[in-house]
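Two complexes follow with chain A in common, the first pairing it with chain B and the second with chain C.
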Partner chain A sequence: MSEEKLLKVSELTIHYHTVEGIIKAVRNISLEVNVGDSLCIVGESGSGKSTLGLAISLSLPKNAVVVSGSILYKGRDLLKLKTSEVGRYRGKEISMIFQDPATTFNPLFTIGEHLTDILRHHFGMSREEALERAVELLKMVRLPDQARILHAYPHELSGGMLQRAAIAAALSTNPKILIADEPTTMLDVTTQAQILDLINSLKRELNLTLILITHNLGIAGEVCSRTAVMYAGTLLEEGPTEDIILNPLHPYTAKLIKAVPIITKTQGRLSHIPGVLPDLRNPPKGCPFVDRCELATPECSASQPEYFRVGGVRRVACILYGGEHE
Partner chain B sequence: MRSLLEINELTKYFPVKTGLFGRVVGYVRAVDGVSFKISEGAVFALVGESGSGKTTILRCVLRLTEPTSGEILIEGRNVTQLRGKDLKWFRRNVQAVFQNPYLSLNPRMKVKDLIAEPLKTHTNVSKNEVYRKVAEVLALVGLPEIVANQYPPNLSGGQAQRVAIARALSIEPKLLLLDEPTSALDVSVQAQILNLLVELKEKLGLTYLLVTHDLSVVRYMSDYIAVMYLGKIMEIGTAEEIFSEPKHPYTLALLSSVPELNPQAKKLKKKIILPGEPPSPMNPPSGCRLSNRCPYATKECVTEEPKLTKITETHYVRCLRHEDLSSLITREA
Partner chain C sequence: MPVPREYVVKRLLLLVFVVIGVLVITFVITRIIPARPEFLWAGPHATEEQLKRARQELHLDEPVHVQLYYYLLDFFRGNWGVSWRTRLPVLNDLLTALPATLELVIVAFLLASLIGIPLGIYSALRYGRIADQIIRVLTILGASVPVFWIALIFQTAIGIWAGVLPAGKRVDDYLAYITGFKPITGFYILDSIIQGNLPVFIDVLRHIIMPAFVLSIYPLSLSSRMSRSLMIEVLNENHVRSLEVWGVPQKTILFKYALRNVIVPVIASLGLSFGYTLVGAFMVELIFVWPGLGYYAGMSLLSYDYPAIIGVVILVALFYSLINLVVDLIHAWLDPRVRF
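Let's turn to the complex of A and B:
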């Protein structure tokens, strides 16, 4: 596989307009994804992960405003598409699945109706062709008893089965990029293990480019080769997942990893991060972590730190790594 | 050591009715013959996935639902038969903290009044004394004084959960029931709450019954663990026994399904992925309840219901093949 840039997000800033004020959900984020990459976006609640995912999949809610930046997909800026062109990308080149798989489906239609609808619409298949393909798709996501599932309504399937069906629906258009937003958060742990296993196999079999959004660093390690850590709307660091977990660069990432209760830990205190998340209506001008960082200097409050390259494949937005500018 | 809570052969069946005539067509065996003891000062964890019956046990202990059979003893008193003075004693000494603090706290009450409420109902401390006590408890759970005058919707998840804990602890209970106390919280906040719970337990000599699906939380906190599946205890033992020498395939599957943070540890870990999902507790499989998903099941497992078998004084397992299991696993690895 050649290493072409499939996706290039540059200096993206997104606000939500609400009655309580303007929420600066995504601030100045840049990242790149190559064909076949698997990138995990990790962050705590409210860090802006979903907003970023929704922007890339052209599914932002009405009250979201893209203030600046670009999202280049194969060189084309998705933010500058004409309304008539959106359908060629959304759900087709770039598909998304969500924490609650029920959001993918209309409760009034069977799984089969849903899948054949997409297939006929996107590929102009006949009913028979679409049904045949739908069965293949259900097999691909390892759902047994496909005939029964085609006739089932969403509420008749368990959470794990429905998430598989949602993955089948998302992949039915042969998208180049799959964005999965917390796809296992609502599931039991053993079901979560199955779905992660499925995502890993599909990634390999279909050479899928994957963006996985999660709050769980352990999941990042199980699925993605690269990880980007978000905090209060900004991207703090990015690099190979293993490096980030074993040797986090950003003070926030380091704290976050120490706070995870690991299964081998038997006693002692967990370390936690004192303080609270910044108010996104009025985030700090400088480093977003400055109020909670033990290593902060006056310089940290002056302006948002720029990215510094570390070891070629990593970058981090913290002045402690100053010297080697990106 | 004396047991504070003792549960003997607890069973809870929920009738399943047809829509139209309300005819009972079957029973969900939510809890099916569960027994365990918790000694004073211990942390006992019930672990299992949705539908395993762990929350139903907790609800039975709290008297929110009546057991079908079996007994629940607290300091030797039968919980379902408490009356008068004993019932008052129970209400004061058994408190609970739930998963979602925003649901369990009245959004229109100030934090200080929320915490004062149980003090007023269960004790006869004077009015001045009540608010002095409220301030004390707030400090105990690490909340700043200004929070006293705020309302729950304006608190962060971690702060709200601290308020729920403060409320439960204000009347100095003996037993605290914790139902997924951190699963609605972010990682960094979860760590704060877990640390707080451990600290409070040591400081106040509390006993915890913890219900959770998250094994990583359990190891860190608990002395004893019972692993549940479809209403039955599959394995029970000290935390050390469950984590270092698990004997039940289901325990192994649970342990291996926790996403591992450390990439090196991951390479060593053998993953057991159970196929399918838990069947409905309305018609569990015959024989062993795991038999239709267990990678090690034999013909006997489908016909014979395994009993809880003793391994050590503290460690019991419900699996026909538990003796072969360790060799089966090493052979595969």
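Let's turn to the complex of A and C:
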């Protein structure tokens, strides 16, 4: 592969230090994203999706420790940046929006105040220039009545409007990569569809690279060309979204798809699989899914299954595919 | 959030009812306590005849509700009765004492917020470190040790043993006399500035700093503890994280955004601790011989001076309600989410 990847995550492991012990939130994850890609990261609550997203956007919480691995952005390891360099990437090259639009903005400040502070910091604009640009940005995310919205406080706007404003804020710096962490989970069904449409069309208009985090395979099907399935901090399988939905390889993915009968419905949580998630303080040595897998053999608990390539474009971490070794 | 005028009018009306309620209750209580105020009025060697006249002048033989009626009638004419102890109109006494107390309380609140809030924020930013631990222990102590005890310790240690600061009073009478200092507003700091009287200005500051600091220890600890926990909480909020992800510098996030989330509730609760601080002020005044309302109230209580006592209580109730109103208005002004 001669062409350089835009983003290359290699063997990334992240722990959280808490009073109850060390939570191994992300374990040995590798991913690649090309320019213009749209990658979905799918997984149940607690599987480490947000942690991965925050690591890429250089915004991990203070108690997170990157134990090993690298995140190469245009060949540069983001984890080895000097403090003075972080500002050139965070928000600027890679930006992010979050699950709960109601808490995304500071309740004591107007939307305009947030937007202009970002613009003034990144582009050294004057207040007036920043306000003008903010109006354009709000137009870009299809918000009507921009002047009113700039002067509005967060509690005066609906969830959908706030999520649009958040997208405007995240894109105000012209980032290359947008990470959207469950951007529609807190919204009602119609708004969900509108926000997904908006993200989709902005992606095309601005030639964005999109990483969409969701626990909903239906959304993955609508938005992303490729999908990665996470479970208990590890990546179980990855490949073209269509293949994964129509022909899941990993027993966990198969169960996910069976568990949600109508996966194209944008609602429906992935929580119907029998058994419990492993304790992330002390995850199983072998396959993380072993306790809930009907096909498990003693070999599965021995060591973490390697990735096996399937059909060239897919990989899966399950010994069942041992025949086609990577 | 602009405050609707009807809301303010409603609150002011409510305030009138609160004051009348307080007045009635205090009045009835002072009349129920068995005491013989006519002795105070007529003097220790009064004859039977003089005592009888005193009882008549003071309406003491009438039923309580008739006495209350006379009192209310006078009260609304601006006649709050005559102090049985000082023999001066109560309202005059109160208006003389009020600025002394207000000056003390205002300086205490300034110290509380200007020291307490930065201290708490500093503590939060040093979370778990040694400085944080020290500040936490000190502010827990400060919020739990009784104010009269601190007052006595400070007065003894700094005012008497070390002799660095005056142990009581508002100003050195001799200095005030030779420099021709005249109280105008009754706020001595202000008065000395108006008159350009630097020696008295310095002297007044030296007098007020110790009692005001003692008085500020409770609200200071309170605001520091609150600021600390609010700051820790706010830094974990999603909106701080999103500004960070969008590349807004840490300085702006902390000192523009998060700071307001901390200051608004702290100011509100400082305002609510005003009542407690006023009680503290009364004790501080008695200890530091500070001629304010507390000192006046203490003396009046010791001599069963009913009109004076009622006057103090009403004035305090009035001030307490007013401060609450002002705090609510400030809060509404600072927090766009407040609704009426």
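Just so we're on the same page, the second predicted complex is superposed on the first by the 309 of 326 C-alpha atoms of A that agree within 3 Å, B and C clash if a C-alpha of one lies under 4 Å from a C-alpha of the other, contacts with A are read in each partner's own complex, and residues count from 1 in each chain.
The rule we apply is simple: a residue touches a chain if its C-beta (ideal position, glycine included) is under 8 Å from a C-beta of that chain, and two chains touch if they have at least 3 such contacts.
Worth saying up front: this structure is predicted, and the values here are computed from it rather than measured.
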Subject >> First (chain B), second (chain C), both or neither touched by A:91 >> reply: second
**OP:** Figure out whether A:132 sits in contact with chain B (first) or chain C (second), or with both, or with neither.
**Re:** neither
Original post:
Is A:170 touching the first partner chain B, the second partner chain C, both, or neither of them?
Top reply: second
Subject >> First, second, both or neither for A:44, with chain B first and chain C second >> reply: first
Original post:
In the superposed arrangement, which partner chain does A:32 touch: chain B (first), chain C (second), both, or neither?
Top reply: neither
Original post:
What is the contact status of A:291 with respect to chain B (first) and chain C (second): first, second, both, or neither?
Top reply: neither
Original post:
More chain A residues touched by chain B or by chain C?
Top reply: B
Original post:
On chain A, what residues does chain B touch that chain C touches as well?
Top reply: none
Subject >> Residues on chain C engaged by chain A in the complex (per definition of touch) >> reply: 237-249, 252, 256-257, 260-261, 264, 334-337
**OP:** Write out the stretch or stretches of chain B touching chain A in their complex.
**Re:** 49-50, 156-157, 186-192, 194-195, 198, 213-217, 219-220, 239-240, 243, 253-263, 265-266, 271, 273-275, 277-278
Subject >> chain C-facing residues of chain A, complex >> reply: 54, 57, 59, 61, 87, 90-92, 95-98, 100, 103-109, 114, 117-118, 121-122, 153, 155-156, 166, 169-170, 172-173
Original post:
Any idea which chain A residues touch chain B in the complex?
Top reply: 44-45, 158, 160-161, 188-194, 196-197, 215-219, 221-222, 241-242, 245-246, 255-257, 259-267, 269-273, 276-277
